[in-house]
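First up is the structure itself, then whatever we jot down about it.
Should a chain be cited, it is by its letter among A, B, C, D, E and F, assigned in written order, with residues numbered from 1 in that chain.
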Amino acid sequence: MQTHQAKRVEIIIEAPLEHRLTDAIVAAGVTGFTILPVLGGSGRSGQWSRDGQVSLAGGMVAVVCIVRPERVDTLLDAAFKVVERHIGVVSVSDCEVLRAERF
Amino acid sequence: MQTHQAKRVEIIIEAPLEHRLTDAIVAAGVTGFTILPVLGGSGRSGQWSRDGQVSLAGGMVAVVCIVRPERVDTLLDAAFKVVERHIGVVSVSDCEVLRAERF
Amino acid sequence: MQTHQAKRVEIIIEAPLEHRLTDAIVAAGVTGFTILPVLGGSGRSGQWSRDGQVSLAGGMVAVVCIVRPERVDTLLDAAFKVVERHIGVVSVSDCEVLRAERF
Amino acid sequence: MDAILSVMGQNLLSPIILSFALGLAAALARSSLSVPEAAAKALSIYLLFAIGFKGGASVAAHGLDARLALALVAGIGLSFAIPVVAFTLLRSLTRMSRVDAAAVAGHYGSISIVTFVSATAILTSRAIDYEGYMVAVAAAMEAPAIVAALWLAARGGSGVKMDAELWREVMLNGSIVLLIGAFLIGAVTGERGLAEIESFIVSPFKGVLCLFLLDMGLVAGRGLKQSRGLLSAGAVVFAGLMPMIGAAMALPVALMLGFSAGGTALMMTLAASASYIAVPAAMRVALPEANPSIYLTLSLGVTFPFNLSLGIPLYVAVAGLFAGG
Amino acid sequence: MDAILSVMGQNLLSPIILSFALGLAAALARSSLSVPEAAAKALSIYLLFAIGFKGGASVAAHGLDARLALALVAGIGLSFAIPVVAFTLLRSLTRMSRVDAAAVAGHYGSISIVTFVSATAILTSRAIDYEGYMVAVAAAMEAPAIVAALWLAARGGSGVKMDAELWREVMLNGSIVLLIGAFLIGAVTGERGLAEIESFIVSPFKGVLCLFLLDMGLVAGRGLKQSRGLLSAGAVVFAGLMPMIGAAMALPVALMLGFSAGGTALMMTLAASASYIAVPAAMRVALPEANPSIYLTLSLGVTFPFNLSLGIPLYVAVAGLFAGG
Amino acid sequence: MDAILSVMGQNLLSPIILSFALGLAAALARSSLSVPEAAAKALSIYLLFAIGFKGGASVAAHGLDARLALALVAGIGLSFAIPVVAFTLLRSLTRMSRVDAAAVAGHYGSISIVTFVSATAILTSRAIDYEGYMVAVAAAMEAPAIVAALWLAARGGSGVKMDAELWREVMLNGSIVLLIGAFLIGAVTGERGLAEIESFIVSPFKGVLCLFLLDMGLVAGRGLKQSRGLLSAGAVVFAGLMPMIGAAMALPVALMLGFSAGGTALMMTLAASASYIAVPAAMRVALPEANPSIYLTLSLGVTFPFNLSLGIPLYVAVAGLFAGG
């Protein structure tokens, strides 16, 4: 099966910033991403859990974005502007995709 | 800790096709996979969100499947037959696993 | 954008063991992780789904943990002690992160 | 005429409609208001269970009408026929592709259970009786339109077919199974069963419906925003016209079957309503080339609010004129 | 005998049983019907809160019976003893491994709160009174069986032990805490508290129970499908026999304690029921080698429906014969 | 004084408070008891819809008071003024950074709708009337404090500003939109609308509130455990004092506006309560440097239980003394 090099960018970000992040990455020309729910986690700002939360403030989401290698920098720049002052994690890994024309 | 080469295949697919996909990959001899919920996303067919949806039609799921490198092609062929006509993303990355006898 | 080498460890584990796992990895000195919900899956012990489950026993969660390469072995040792007797999958892949000072 | 208008006005100011409007407005204004998916599904399970059970209990109370079998056949017939009309109309009003038009047509042949539920709520509040087995007719009308849609698409050579798996998925769709199952439970346990769970499925029913419609409004509003610019004027005209055409097709059928005024109104409502659960899911599987934004927006964003606000009162009034005592 | 059969027949046609049957049938037919996990958990929180509160309020109304302490001790004793009997029976009826048999035995020593709740619903609908503190007994019987199961497994040299963390997890299990907590709230606020929230926890109770049982049926049906071929005939026989053995063990205890007919029926039901929440989770932690398909299928797929349909009416009838006024 | 104490004692033993206490205790004991996020959100949607609707229906029944506009202005004024007082107090009682202090202050200027709801439940159970439009005042008081907090933080040179997007997010926050929307629906449909959905939004209200408070207790308890050692004694003193200061600021305003005793008590409760939904989310966006553990723990872990247990009965009693008939 023919596959193509790509990058998988995973951004774990506070839920109240979700729309700012997706707006920013769309503005950077990346139109494909998927948002996964997050149940809880731990980091320098302590442990948290989504159980029973009513407020958005307590939660995070994971945004997964698969892009061509040459666009990863644009994406990271755009994402960084949003997460800069905020807690959250940005990681990038290599992957291969089917149907490269989609990216 | 002893680890072994493997491949991590991640398929983001429309929820109504979930069972067809898992049936196909089981039929291809892959018995291990995990299904993650997806909250929303964006692609060529626009942005969507799972909030308040009653219908399956509006949603997607992520199927993660860790396989031995030599079986990745069989898996991709099987998966491709299901996603071919449909929207969705298939990506493959290298990974290492503990307890390789399980795969 | 400046990035740094890191490892992404993904542990799919039975929900009743979640706290034991996170306690163990915190005890191993890893303080950052994120927990993702899992809807269902399949493995040597059969297929399962979270739909309509009241009991914790039937479900799994995915714990994602991004660490510096030099700490991956400590983490895997700690995780392995918890998953050893249990079903579940541990995989490790390479990634790059922004803001390495956080890890 | 005056009576019709007054009924319509009254309807527009009911908590049910206004809850939908609130959701719609909130989504259009990009409010963060949202109902969790699990909660929306739970509300819909409640509504299906309650409406099915009450239908069954009513059949148990009034005895099984010989017309049930005829009504089922008639419903199935309408569900096949309406897509053909809808398809023809769409192809003349719009420049939609054959596949898109077939998918949209399928939605209009099938039914929207919450439109049906809203109609029963209006009938109940105006003390108009209806045949309890209408919920069985509703269930029977969910699927045939899917076959019709695939046939319409296939005539263009797209080569789609219902495979066995899709048949099973469609016929054993969760909402059909729950509706029919609850109907049977209601029919078997009858008055006694109803008495046991009345304070769960009868008294709070309308309030739950309000919250569900709030959610429907949110989903519809988000859909409208997303698909802005995607819909031609012709398509929107279609989505406003087609319910009345469907209702008009159902009226003579209902009269021929000798339904009560309430039953006639419900039959018209079923014909007029467009699916937003069973058919979209089937289309994603069988006609993935069809654009979901088009059919979901027309069904949920235009036809559903039309029926809720203007359609149902109109059908009730017209049914009263023709079948009323 | 005739009376027993008629009660059983009546019970089989209640909305509660039929809702379970609907879920079971839907799952076996591979319908897409499903209840979201969050909704199922919400329903179970409601049921635990309501049943606990009502038990407490009833204790407040009737005064605290000196027998409560004895009843708790008796319940704990049964919860230890039943697994030993179950284990012996399993090892003679099946070729299950020691670890699997120990795990299964643990489930039968513990209790299923929804079986208990269903029994109270039947008692209420037949106007049979019962001791309010039975919910406290139910809570007390959740955990001891886990200790017994681990002890049975350890005798084979598997070396499992309850560590402190597992103790905490088991004793502070969400369902135990909620049941006992709601019981205490009910006991403290009494009649006045009950009056305040009666229209939430009393009137809609049975309807909510129907939806919960629909979900239980779905989960049980999916489990049965998955484990087809995994269960020996002996195991299935065990799962049908063991509830009656448990109930028979509880009967003399209840009579000795001087329980009312209702309380006796509930004590028998508790002994007869098998856990599907607390014990499975503990077994996954402490006995991961035991196959969950076996214990979940026997408990949820065989014993639960047996108790719901035939067991409870039988226990109620027998309790009526021995303890009835 | 005696009367106040007796009211307080009675309040402490209500199912509402005890449910909160149960959740708190369960979380502190690390029980696995938890309410799924979706269920908690569904409960909060129900409460907002019900309280808004009832407020609107009551306005429809009693006619629109000319004082509504004044009350809104007064509420907005308090929501601006309270953060300034809170900030000053915090800076003198603790060594919190300017940004943290500003963020905390913002929470106290805004309101907690569930505190408000609990106060209405207490008023209702004691048959004290209140102005229906108080829910509109509650909605109006959600946002201004955010502006005040950002202004307080910016004076230290942090350069934060409300951008247009944040304004929209705050003003169209889901809970504000639902509260105001339901209020309008209630006002438009009036008595007739209320009658239609009464058995959903009125009768089970208190019971639903119990479950919601159980969840609040769990969340607060987990928060307290996480932030142990993080809070200075000064901060805790602040969180216990500030509600009474806020209430004291509201009292003369309410009296000047000529509110009833019930309305006065609610105005005091609003001023005394601290936000745990709208403000935290806005702070995460606009003041990410502020530590969420501090403001969430003070608001949810200290001030909320204080108001629920001691504050509200006190405000009701004081309001009765000053504004009572």
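Here is the rule we go by: contacts are C-beta pairs under 8 Å (C-beta built on N, C-alpha and C of every residue); 3 or more make two chains touch, one makes a residue touch a chain.
The UniProt protein names, listed by chain, are A, B, C = Nitrogen regulatory protein P-II; D, E, F = Sodium-dependent bicarbonate transport family permease.
Just so it is clear, the structure is predicted and the values come from calculations on it, not from any experiment.
Asker: Please report the smallest number of touch steps linking subunit A to subunit D.
Answerer: When the steps are counted carefully, the minimum from subunit A to subunit D is 2.
Asker: Going by the stated contact rule, which chains contact subunit B and subunit F alike?
Answerer: Per touch definition, common to subunit B and subunit F: A, D.
Asker: Measuring between Cα centroids, which chain is at the maximum distance from subunit F?
Answerer: Most distant chain from subunit F: B.
Asker: Check the residue numbers that subunit D and subunit E use where they touch, and answer same if over half are used by both copies, otherwise different.
Answerer: Shared-number fraction below one half, so different.
Asker: What chain is the most remote from subunit C, judged by the mean position of CA atoms in each chain?
Answerer: Computed centres place D farthest from subunit C.
Asker: Could you please state the distance in Å, as a whole number, between where the Cα atoms of subunit A are centred and where those of subunit C are centred?
Answerer: 18
Asker: Taking each chain's centre as the mean position of its Cα atoms, how many Å separate subunit A from subunit F?
Answerer: Measuring from centre to centre gives 34 Å for this pair.
Asker: Taking each chain's centre as the mean of its CA atoms, how far is subunit D from subunit F in angstrom?
Answerer: 40
Asker: Averaging only over C-alpha atoms, locate the centres of subunit C and subunit D and give their separation in whole Å.
Answerer: 45
Asker: Residues of subunit B touching 2+ other chains?
Answerer: 36-37, 47, 56, 93-94
Asker: Please set out, as single numbers or ranges, the residues of subunit E touching at least two other chains.
Answerer: Residues 32, 34-39, 41-42, 169, 199, 203-204.
Asker: Of all possible chain pairs, which ones touch?
Answerer: Applying the touch rule to all chain pairs gives A-B, A-C, A-F, B-C, B-D, C-E, D-E, D-F, E-F.
Asker: Could you list, by residue number, the parts of subunit D that touch subunit B in their complex?
Answerer: Going through subunit D, the ones touching subunit B are 34-37, 39-41, 44, 165, 169, 215, 218-219, 222, 226-227, 276-277, 280-285, 288-289, 291-293, 296.
Asker: Under the definition above, what is the set of subunit B residues touching subunit A in their complex?
Answerer: 10, 12, 36-44, 47, 60, 62, 73, 76-77, 80, 83, 89-94
Asker: Would you pull the subunit E residues touching subunit F in the complex into a rising list?
Answerer: Counting only subunit E, the residues touching subunit F are 36-39, 41-42, 45-46, 49, 53, 168-169, 172-175, 177-178, 181-182, 184-185, 188-189, 193, 196-197, 199-201, 203-204.
Asker: Could you pull out which subunit A residues touch subunit B in their complex?
Answerer: Its residues touching subunit B are 1, 3, 6, 8, 22, 26, 31-37, 61, 66, 93-99, 102.
Asker: Considering only the defined contacts, which subunit E positions touch subunit D in the complex?
Answerer: 13-15, 18-19, 22, 25-26, 29-39, 42, 125, 199, 203-208, 210-211, 214
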